[in-house]
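Pasting the structures in now, so scroll down.
Each of the two complexes below includes chain A, the first together with chain B, the second together with chain C.
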Partner chain A sequence: MSGALAVSARLAWRNLWRNHRRTLIMLAAISIGVWAMIFMSALMRGMTDQMVRNGLRTLPGEVQVHAPGYRDDPSVANSMAWPQGALLSALQQPPVQAWSARVRVPAMIASERESRGVTLLGVDPASERALGSAPHADEISEGRFLEGPGDDGIVLGAALARKLDTGLGKRVVIMSQDPQNNVADRGMRVVGLFRARLEGTEELYAYTGRQPLQALLNIGDEISEVAASAGDYRHTARWAPALVSAAGPQLEVKTWRELDPYLGTMLRVQDGFSLIFMVVIFAVLSFGLVNTLAMAVFERVREIGLMQALGMRPGAILRLLLLESLYLLLLSLVAGNLAAWLTIKPLERGIDLSIVAEGMAMMGLGTTLYPALAWSDMLFSTAVVVLLGVLASLLPAWRAARLDPVQAINQV
Partner chain B sequence: MSAVVCEAVCRTFHQGDALITGLDHVSLEIQPGEFLCLSGPSGSGKTTLLNAIGALDTPDGGEITVGGQRLGSLSRAELAELRLRRIGFVFQAYNLIPVLTARENVEFVMQVQGLSAARRRAVADEMLAAVGLAGLEERRPAQLSGGQQQRVAVARAVASGPDLVLADEPTANLDSHSSAHLMDLFEQLNGERGVTFVIATHDPGVMGYARRLVRMLDGRVVADEAQTPQRMAHE
Partner chain C sequence: MPRLVTAFVLALLAGLAQADDPASARDIIRRAMDHYRGQTSFSELTMTIHRPDWERSMSMRAWSRGDDESLVRVVAPARDAGNGTLTLEGNMWTFTPKINRVIKVPSSLMSQNWMGSDFSNRDISKDTAIIDEYDHRLLETRELDGHRAWVIESIPHEDAPVVWGKEVLVIRDDWVLLEQQFWDQDGELVKTLKAQEISSMGGREVASRLRMQQADKPQEWTEVVTAEVEFDLELPEGLFTLSSLRNPRR
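Entry: the complex of A and B
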């Protein structure tokens, strides 16, 4: 370290503690601001994650492969062959962590009293579980989930069962169309009921084994879609192109952002909102920081004049004041980040918001909010604080560096 | 080469609508190793001349050369460098940095100059011992008396090895005993190290130490005479 820098570093540190009370008040204010930034980011990230994941569970999957035309007409007529060759190879190696081939068709389901339109999913339970799209064990409220791709039972959402006035062990009739537009129907026994975070999900989806549904629809080994996941929905653009080239032109590969632009837009809006929130919080704090530094300069005009007289260059004076500000910012960042870590980590198990369940459901959220602390948010808030803090400190520091030494030394 | 050359130096100040003459065509040449006092009543221009020679203030007219460098041709950074390398200052008020210890204050200029820590410490301790402050190195200014603080300022002014020390009313806040000690110290440093001293004062006791006395009045040099130094009595 150069001599001037070393002396600046020492002076800046000691100057910071000349007025303990003012420094501690400012330190507390910035720390609380940093904590608030990270805490709000964690809440928003948790909400966004939950909304997107809920959305992906009903899509489901981060990337989907379809036959062309399936998105416009999601009927059995637009089925695709079981993945083979390059596509199968791409699905079976990293970064793809899980994939599932499923039949997904619109169908009518009827009990002895009611009938409803549903999306019927013919699945392989093991691969759906790996993908995270099948109901978890704790979400099965009665009975069981499917035991394999050949299971010919049906699992309904609890809300759908209620509306159909049916229940576990009863038979329902499934009716859909085969590729020749003939009605395909059969009776199935309800083997399980599931609960979802959103009632709409419970009403919309019914699960059965893939093979019985393929047989019912008379489509052989064909499927409606392949869903794949790499475990990080935010970065699908990094690996989806590999699937596109593996699938070739005869198949359509879409990321969840393309499949549900609303979700993608919401994610961007939330990220943008986080940035605005951080900047606004720290912009307000910056006034306090500028005031602290301006007071520090005002109280030390003679001293600054003296240092200039002794040969300290204006640039070194500027650096001294900026270092003082930087020390304050860094201490506040350590305290703020630590406080955020200590308060958010215990809350990651979930905050019970069942008291506002309806409002949460409208936002596509469950009744428990899971704040998500991300290193990127902590780093980002640190960068915002350091950048804006140093910018805010530039003016008083520059003024100090421009002081006339004679006037400064003679100031009473 | 002269230590300082002032040629027809002028400096005016605005005070409201009035124009005050600080220096009025002052010409002066100071040789290396001189012990010179600027005397005169308040407002005669002593401090203004000292500030101009010390590259702290810029004259309106004329030319000042310090150690062969024309101040008018130097940038702010170059002037700072000149002050750092060649000039030591002792001000009327003690002007130490309150958050630094006595040793750190003496080391300050040397550290900005880039001297090694070991060298700085050795010189600082030697200088503090020379000004009679051995054992007080770790004290901060608030823990020192006025006289002790001024001695720290002197140690700082000479520790970095300047060619020229400028002192503005260095004894103004000291009792007569401390004043005598300080002037003895200046004389000793001048004699032993050959440092040029220019001291602005209106204290007759201080003037007695000078080998050359320059009297100023209304911004002009009215007398410039050599004299035989006379030490102050230590009461």
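Entry: the complex of A and C
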């Protein structure tokens, strides 16, 4: 049997190169198709990743714990106590990699000439950095980020500072309300300016130390939210339930998919869309494949009849033709995947799209697109191509196997 | 030691006139604030808001007690009559008869205009905060129309809820506040409150015509003319309350 298979394999390989021009054209077509599938899904994955990451950065945190009323009314009146007991121990052990407790209140920032509404975050810089939600060092365009939870400086977005007509080293006044609705205000010195991919983010968020903000708002040790991360935003469902039970019924624990349904939906749409995209590309290609194989069969009707007359079983003929198409597919896959890898790798540092910056910002994206090559996408497109390719070549192979040897040999 | 020498030299340069005593500068401002507010006060005034293409005036009555309590009620024109503002310890409420509602002015609006004027809500509700939230320094003493006038520079504390880089006040020796300048943190003048007329009312010299002027917009100003003022009078209990804001009794 293995001998017969080896013969089939050798025959198929030779047959493939009998009309090498046709084979090469088909090879090129499938390769380009495979390349396009992977490249497009890498672009799309990069886009969605970025959208989700931007969203998570500004959310921020994959899983958040709040007092029950906070999400409806994010005011200081809906604060929660510092995590304790079961929740604290759940936060401090794997799979939670980083967590942070912050005060997050709507506030006004006033300079001499302007005032603007912002979301003021009272943070603990070290734990926010571990969580990845604080501006990175390279995003601080001037000055510094906060140095500790007691830092009473304020870090503004560069765009906000421009709008306020203020700058590094100047004082601004922040105004908010304490839980009794009394005016809570004080001056703070701008110690740093940050840049974000989106100007909207720069204008929306301002950071100060957690303790000065708690003192200003008169809330003691209370906080607005706890954010936690376990590294991979796609799999929050695996570890969020543990936090829910640890937090108890007095607190509300939500994953980012629930906090920002739009982002969660985007991710699912992208995954579904890349499958549809691959199937469509390959459906088009498969016509070419079927045609090529049908031609190969048609050309070789006499030859196939002869082989049958010499005792080759229909199953072996079917196998021979399927092997031919499988060779073609595998070669194209190797070429296509290689081409995709070679083209995407250099682009992973980012594609500059500043020409269409406004449109990108509307979608929650920055001006640089970072394609993300995922092994799963390559494997997936390979699987789609092999499966659909073999399926498409079944028809001509099946017809060849069913030829009547006498008629076939006598055909001119 | 070098600091002493520097201080000495500075004192010499300042004309050997007066010691640079922060306590006294603060006292001067305290006296000036007490002078125009009194223990209690009642005044009738007209506020004129001037813009390049329009101007409007409102007559109002104002009561105050101590530093923290004040009530202002508009009496004319009819369109605005009944509008009131109550301030208590830095919080502010407004009442509008048209919607019959008392609204607490949220902190987000404290830096907004008060009734469309060049005064901010903060100017109205926390005008004496300057005493404790700034460091004061006597810059110079001037002769002015037979009076002495002190020029005081006030720099806000680091955490004071004040956007200004500094304020400069000119106060006459009979405690009339002649001028209050608001400077930004780059050393540019932003707006000035200036006494344009001083007259004797309620047994005191008071600035009867005050003008708040934006420095970079010469055509935009707000003027407050005091027609009548009484000091240290007996005010009814419950005047500075939300129910009094809603239901005027006098």
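Methods note: the second predicted complex is superposed on the first by the 408 of 412 C-alpha atoms of A that agree within 3 Å, B and C clash if a C-alpha of one lies under 4 Å from a C-alpha of the other, contacts with A are read in each partner's own complex, and residues count from 1 in each chain.
As a convention for this text, a contact is a pair of C-beta atoms (placed from the backbone, for glycine too) under 8 Å apart; a residue touches a chain by one contact, two chains touch by 3 or more.
Computed from a prediction, not measured in an experiment: that's the story for all the values here.
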Combined model on chain A: chain C and chain B, fit or clash: fit
First, second, both or neither for A:L11, with chain B first and chain C second: first
First, second, both or neither for A:H136, with chain B first and chain C second: neither
Angular separation of chain B and chain C about chain A, which is computed from CA centres of the superposed model and rounded to the nearest 10 °: 170
First, second, both or neither for A:S176, with chain B first and chain C second: second
Which superposed partner A:V406 touches (first chain B, second chain C, both, neither): first
Touching partner for A:R268 - first (chain B), second (chain C), both, neither: neither
Partner chain in contact with A:R238 - chain B first, chain C second, else both or neither: neither
Lowest C-alpha to C-alpha distance for chain C against chain B (Å): 86
Shared contact residues on chain A - chain B and chain C: none
Residues of chain A touching chain B in the complex: 2-4, 6-7, 10-11, 14-15, 18, 302-303, 306-316, 405-406, 409
Chain C - residues contacting chain A, complex: 90-92, 104, 106-108, 110-112, 156-165, 182, 184-185, 190
Touch list for chain B against partner chain A, complex: 51, 54, 56-57, 76-77, 80-85, 87, 89, 91, 93, 95, 97-100, 104, 108-115, 156
Residue numbers on chain A that touch chain C, as the complex places them: 106-108, 110-113, 115, 117, 152, 166, 170-177, 181-189
